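Okay, so here's the structure we're looking at.
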């Protein structure tokens, strides 16, 4: 089942081919004895939606703040559009930030907040109301123009924060976990709005989050950070289908990690055996739960690896069943389409191509 | 969760005490302002002559205005000293701010009298300041206006009230979320613009609280003029004090006190409303 | 906090100004202490010979020490009175509603913001009205009343910080309100009580404005010093002032440690990077 490559994935493929907006070169940062970023290098293409994904402590927020200008790199450089960025103070960078807690000025009205950046940069007074209106229209907050932030809900404040940043037409927009304070439904809605806004404006977005579902939904590319280092950077589909490491495989989506011994093109793990291109020796494989199918449910391809397992637990979740399987002392997680209660020992299968080899 | 008996037990004693030892005394002062002195005794004849005297005799109004000028001067100087200090400590001092905070509140707690006395010894003709200036050959003779002048009163009271002004101001500044400062920088405003547009407006409640405190307390101060002031720096509270002392006219003194009280309460009321408006919550 | 190293344009002017303000705040005190050791007395420059003579004179001055004793009596009494009434007032403000509550709140806070002379004179008129002789007792009543506001404010703030659920848990487990008060509420207020007590003690020891009008024949320390000042400056006063300063500093630092212990965590978090 192949999908046509989207324009976003084309942009992603183009990264490094000459239209980079931002270049992070070998940047390291420590706070006292703590090494928060360990020699990170990456490029952001113009017009792309790149997400920095990671747990707390992974360094993603620190990297964002370095690009915004609130911290200085310990070593390394940051370049934007061919000019050195990290030597400039934040108020001289063509970069704007949407803060995690919005950071709206409580003593100014919504339109004064939005117009703030324009005012301090000396934009012509006659021009400001028009641009402020335009920005508020974009985030659908026109009717709240003269309200104070204290009177707005979280979602509304978030839109104002977005408008305040975008009105300055920055080259790069930084978003520091902007949706984390919103409830689930509002989050989904805002995700959609953010994505379409970015497409429309074609401004480069650098988005920080710890939520991998959010990252996959929004991004052209995901940069997964772990302990201050770049674990993998690729498009969501690529990173999901071909995780480079076991960490990536477990962080994004769910998976079964199989420790196998490979001999002459055959990997064996417990009582499972499948063909692989990996060299002889120890190897680690990632097998997604949805790649395991129940044999009685449909046609089984010829090269499928069959096995029998006992169903230890079944959890219904609307459209799927999450099964916990046991075979020969090994526990596997499987996800099959909803089909009613099932128990006992059953036959399952998976395709050897779905067992992706990953680094430790 | 709290029974009626509980609420009665906790409210009654303080209410009673406050009624007897605060409300009643203030009421007595109020009453006295409408009475008279006759033949060296206080006569409880209700009249408005005391108040008439205040407004007709220019002496009282002169002294009141002088007192207000001194109070304004002290408040202004305290702000000029206290605000930059508070700003420095809140935004630039980093981990040292706790230590510096302790250093600021120490003078606050040290006896008013001790500090006033210190100034007295420094500013006199034979005092330390004059001695120092002569020692380094800046002056040849003692400068007399250092002491027993409005200058000395303002100086001493500024010294006393700068920490008072500092405290609520510092608290206000500390309350400003740092991400607002970052947001301002992010949007293109430098340090100066950020201060004028974000920090100053948000520090107004604390500024107002401190300034009011300094102004009101200076207004009613009678010790500083007695310590370091001269005949030209008599303040309104000194007049009250002498009316309750050697000049023996309690009703008139009470009338002036009531005026000070009314002035103070109106000022407090005004600033409270302004503080509410400017706290943006 | 952002650290602009090569991009910083922060001038050191602000830091220098702050230093000058500190110098202004401390130099009178430094001069005071210095001259308490000066053989030639107060004045002139520079101080010539350092001596303990004035301190020796001070220690044999019985009038001063009598006044210190008087001050201590009044201060301790004021602490006891203010804390008791203040605790009740704080509880009332925190938990009870009654008609005139907002007026009560303002009334309690009034002596804090009004010039001392007004409170002092009002209490004087009351004393006369009630036929009381002016003495340490009237001073004690004056301090207790005036400092009630300090106690109420501090203890109210302390009450606010207590997790209400603790008291509910106590009641749930079978304790009566009285037991809950002694076993849960009061221990939680321990630090606030000590902090408030220290503050009231210090303020009472230094109180002049209210005391001025309520004093009888026995002087408190500030008024004893005041009386001597009328007669002229002597370095003995420098000496006692230096001692007052030393004791005050110790008390404040203790108070500060206690105060920040109750909010210690918040202060820590404030200083750390988020």
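Letters A, B and C mark the chains as written, and numbering starts fresh at 1 in each.
In this section, a contact is a pair of C-beta atoms (placed from the backbone, for glycine too) under 8 Å apart; a residue touches a chain by one contact, two chains touch by 3 or more.
Bear in mind the structure is a predicted one, so any value in this text is a computation, not a measurement.
Visitor: So which chain is the furthest away from subunit C, centre to centre on CA atoms?
Guide: A
Visitor: State the pair of chains with the top count of C-beta pairs in contact.
Guide: B-C
Visitor: Which whole number of Å gives the spacing of the CA centres of subunit B and subunit C?
Guide: Computed from C-alpha means, the inter-chain centre distance equals 17 Å.
Visitor: Give, as an integer number of Å, the spacing between the C-alpha centres of subunit C and subunit A.
Guide: 56
Visitor: Note the residues in subunit B that touch 2 or more other chains, in rising order.
Guide: Each of 182, 185 in subunit B touches at least two other chains.
Visitor: List, in ascending order, every residue of subunit C touching at least 2 other chains.
Guide: 2, 9
Visitor: Among the residues of subunit A, pick out those that touch two or more other chains and give their numbers.
Guide: 69-70, 89-90
Visitor: Spell out the part of subunit B that touches subunit C in their complex, as residue ranges.
Guide: The touching residues are 1-3, 6-7, 9-11, 13-15, 17-18, 21-26, 28-29, 32, 81-82, 84-85, 87-89, 92, 94-95, 97-98, 102-107, 109-115, 117-122, 124, 126-128, 130-132, 134-135, 159, 162-163, 174, 178, 182, 185, 191, 213, 216-217, 219-223, 227, 237, 240-241, 244, 250, 253-254, 257, 260-261, 264, 268.
Visitor: In the complex of these two chains, what residues of subunit C are touching subunit B?
Guide: The contact residues of subunit C facing subunit B are 1-2, 9-10, 14-15, 17-18, 21-22, 24-26, 28-29, 31-32, 35, 42-46, 85-86, 88-89, 91-92, 95-96, 98, 104, 107-108, 110-111, 113-119, 121-126, 129, 141, 145, 148, 152, 167-168, 171, 177, 202, 205-206, 208-209, 212-213, 222, 225-226, 229, 233, 237-238, 241, 244-245, 248-249, 251-253, 256, 260, 267, 270-271.
Visitor: Which bits of subunit A are touching subunit B when the two form their complex?
Guide: By the definition above, subunit A touches subunit B via 68-70, 89-92, 95-97, 99-101, 103-107, 116-117, 120-121, 148, 150, 164-165, 168.
Visitor: Can you name the residues of subunit B that touch subunit A in the complex?
Guide: Residues in contact with subunit A: 177, 179-180, 182-190, 193, 197-198, 201-202, 278, 280-281.
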